[in-house]
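Just below is one structure, and these are the notes that go with it.
In order of appearance the chains are A, B and C, and numbering begins at 1 in each one.
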Amino acid sequence: MEKLINEFSNHIHVSNLAEATVLEVENLKTYFFVKQGVVKAVDDFSFSLKSGDKLAIVGESGCGKSMTALSVLRLVPNPPGRIVSGSIKLDGKDLLQMSESEMRNIRGNRISMIFQEPMTSLNPVLSIAQQIGEALILHQKLSDKDAFDRSVELLKLVKIPEPLRRAREYPHQLSGGMRQRVMTAMALACNPQVLLADEPTTALDVTIQAQILDLIMELQDRLGTAVVLITHDLGVVAETSERVIVMYGGRKVEEANVNDIFAMPLHPYTQGLLAAVPKLTTLSGKESYSKRLQEIPGIVPALVNLPDACTFAPRCAFATDICRHEYPPYTNISSSHKVACWHVAKVC
Amino acid sequence: MMSTANEVGKSSSKIDLSPEKKVSEFNEELSLAGANVHTKVGMIFFLTKRYPLGFLGLFLVFLFIFVALFAPYLTTQDPLTTNPAISLAAPSIDHPMGADFMGRDLFSRVIFGARTSLAVAFGATILGVFFGVLIGLASGYLGGWVDLVLQRLIDILQSLPTLILAMAMAAALGPSLFNTIIAIAIPKFPSIARVIRSSTLSLREMSFVEAARAMGMSDLRIVFRHIFPNTLAPLIVLATAGLGSAILVEASLSFLGLGVPEPHPSWGRMLSESASEYVRTAPWLVLFPGAAITVAVFGANLLGDALRDIFDPRQRTAN
Amino acid sequence: MAIYLLRRIFLLFVTILGVSIIIFALMRVVPGNIADVLFESSGYIDQVQKAKIEAELGLDKPLIQQYLSWLGHLLTGDFGFSYMSERAAIDEILPRLPVTLKLAALTLFFTIIFGIPLGVWSAVKQNGLVDNALRVVTLSALSLPSFWCGLLVLMFSVHVFGVIPIYSNEPRSIFHELLLLSIPALVVGFRSSALIIRLTRSSMLEVLRQDYIRTARAKGVSESTIHYRHALKNAILPIITLLGIEASHLMGGLVVIETVFNIPGIGRYLVEAIRWRDYPIVQNIVLFSACAVVMTNFIVDMLYAVIDPRIKYVD
């Protein structure tokens, strides 16, 4: 196992030193053009990642989190969507200015992705080893035999029992949890600088969830990969991340360290999210046993033809006129805490 | 027209970024997606632009029906009058498509042939759909031994090649217009029954059926008011495609001498009468009836394709 | 896997049995039988003679008995006699079989050779020039009656080459024979390959939309590898199924094309036999064609099980 890690370390790219910015996304806009109008799936989204970072992007379904990840890899379905503006810099080089073949060298190699649906994300007619090995053969120019051996080692790494047997099997013979492990192995095969994990555990049982998350975090610590974990589950965020970005309506509404987000949520939406989490307390605890679950009134807006306003305004208890007419700029509460809200002072 | 992830890997070059555009400037891409359509008339125009071939198909089918219905008004000649004097005459003003070996005007025969084809094709399709739907619904909904028996029946009928079964039936029943309709409908209904059956099977498990049952609805009502309407989409596509194939089978049967007999003019039979012998001397006898068949079937197929695109969203990108 | 096979074989027999019943019933539905036909030409019907002939041929016995005796004969290899030529049916059918088989094989060959690559190309370069052209061409091919297409080919060869490609029973060489047969095979194959092109195209497009294709792209796999390694292997499955269904249409096409090109195969013989109400021949040929279809579908099922690991490794 140590041999494997050492070998991986040999493939670590030069810039993967601590504290160096690995990924810098600036003002990313990904729009979709549909019958109903323009859908601003990702609107003016910016963030940066240093090596080894543990970033979580949180938001409800349909807020644009997955599309952000797909945009980074330039896998936006086109038509009907496309990246309209912005820059995505990997080690200083803008991915949006690259040719498609240069981009292919990046995918699976320096930036990898784990998808949400393990049941459909693996090719049913190819064996496990073939699918993991493909990335290795492609990016590291391994021979077929070497790729097979490496695949088996990777399966060991992701803690799949009987890896040699499993390597020759087909996806339908594996459970959902095991398939997600295979996806993880596939994503980490070439030791990428950035791992995008799009709700990797949403489709799995709770116990398996914990295992997969632990696995990802453990591997990340060892290999130094920067992880962007996309999720709607705040519990997962608390367990695994160092920094959090809260997304709503395609935009970033708050960004902070994980402690700050939970201790001092500033955006009304973040506050709403935290309040909506059911708390397990006993009768003798501070909370009343029969307190109702706090929901955020209203529903997630359709992202079509959004007006120039704060997207959360319709559901916000603190909304005023300015909120309904102009989108709030980012206020830096501290070096690590940003909010987009006109009433930050009041809400504080 | 629309494709999804297929285009992702396409561009070997860079991305076209447009940072300064306002929403209104994305108009071109929006209109492609149909975002500018607001009225019903606009909807029709949009559909026409988006499915031009389907529109052509619709037009051809309407033309076919029109010609069949108004045949007597479209030609002055009588399709059945023989006139040995002009046997095998080439196309002329009097006889725009020439005359056959018995001196009958080909143009009027082609026009009236549309009637025969229409009658047989629509008759066979409607009959086939009728039986197919009944058997498919019964088989899918009732299950059990009813399903087993009906499935065997469908299997058996489907293992006989369509044309050959139609030939055998036509031979067994004797030559007549009505018998031809039956001979074509029988091989047709198994495939329809299959599709309806599988739709029914999946619909049967859905919650709204359970809810209807819980409300005390009788099975018959459930089947016809809840299940059947949901099978309409694939059914319409299948029926339209079936129209084209029905026209072809009738033509083939008539060509082989087993289809529609005299006195009804039939395009297929016109071709068998002309067959290899007149290929050299009177090519118009071969060209016109065959072209008529092709155009009619082509229209039905185009329409069927477009309907499939419209109704089956999964197939939409397969355009 | 073994149980699956046994079940399929059992169903196979049940189906063929059912087919035999239907054929038999159909042939007996016709009012009037071969005896009537024989007398039609002479103009009047001698009842005594007719009864004698009917008794000879067993036509006066109850239907069930006729059916069972026919079935019994079939199982012992006795295929009956042709009413027309009074020779053993097997002696009439067997010599005509090879031509039809060659024609069928050629048609299948052309269908696959043209159908699959063009379908893949069409899907990969969706909405490109080739795709749009193919869409029109395939739709036309499906709208053309194959016998008309054959007639047009004859017309073309007459006007351009001055000759009609006539199939003769003594070809100069196997190569020459195959060449001659290629023309009708191409005519029938034109339609079949159109179907295959369309299905390959839609199957490929359906597969290309799947999640696992997105995963492959996220790994940086090149487009051409995606098309041939990831997509086609999945897309081929419904295509194989269609080839099985096409076997059924193929036979109808062969009957017609043999008539147009005057090829002495069992297709043309079937038409003649129906015209003469030569029941035994009709029954045998129809039964044979049904068996061929059933066999083909069986082989297709087995092929499916071999290619799709989900079926191979289940239970």
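In this section, a contact is a pair of C-beta atoms (placed from the backbone, for glycine too) under 8 Å apart; a residue touches a chain by one contact, two chains touch by 3 or more.
Note that the structure is predicted; figures quoted are calculated from it, not measured.
*Asks:* Taking each chain's centre as the average of its Cα atoms, which is closest to the average over all protein Cα atoms shown?
*Replies:* B
*Asks:* Need the most distant chain from chain A, centre defined as the mean of C-alpha atoms.
*Replies:* Chain C.
*Asks:* Taking each chain's centre as its mean C-alpha position, how far apart are chain A and chain C in Å?
*Replies:* 54
*Asks:* Suppose each chain is reduced to the average of its Cα coordinates; what separation in Å results between chain A and chain B?
*Replies:* Once rounded, the distance between the two centres reads 49 Å.
*Asks:* Chain B to chain C: how many Å between their CA centres?
*Replies:* 22
*Asks:* Show the residues in chain C shared as contacts by 2 or more other chains, in ascending order.
*Replies:* In chain C, residues 214, 217, 222 touch at least two other chains, as defined above.
*Asks:* Could you tell me which residues belong to chain B and also touch two or more other chains?
*Replies:* In chain B, 3-5, 8-10 touch at least two other chains.
*Asks:* Listing for chain A: what residues touch at least two other chains?
*Replies:* Residues 75, 104 of chain A touch two or more partner chains.
*Asks:* Considering only the defined contacts, which chain B positions touch chain C in the complex?
*Replies:* Residues in contact with chain C: 1, 3-6, 8-10, 152-153, 155-165, 167-169, 171-174, 244, 248, 251-252, 255-258, 268, 271, 275-276, 279-280, 283, 286, 290, 293-295, 297-298, 301-302, 305, 314-315, 317-319.
*Asks:* Going by the contact rule at the top, pick out the chain C residues touching chain B in the complex.
*Replies:* On the chain C side, the touching residues are 11, 14-16, 18-19, 22-23, 26-27, 29-31, 126-127, 139-140, 142-148, 151-152, 154-155, 158-159, 164, 201-202, 205-206, 208-209, 213-214, 217, 222-223, 226, 248-253, 255-256, 259-260, 262, 270-271, 274-275, 277, 282, 286, 289-290, 293-294, 297.
*Asks:* Name, in rising order, each residue of chain A that touches chain C in their complex.
*Replies:* By the definition above, chain A touches chain C via 73, 75, 103-109, 112-113, 115, 117, 120-127, 134-135, 138-139, 169-170, 172-173, 183, 186.
*Asks:* For the complex, which residues does chain C have touching chain A?
*Replies:* Those residues of chain C that touch chain A are 210-212, 214-222, 229-230, 233-234, 307-310, 313.
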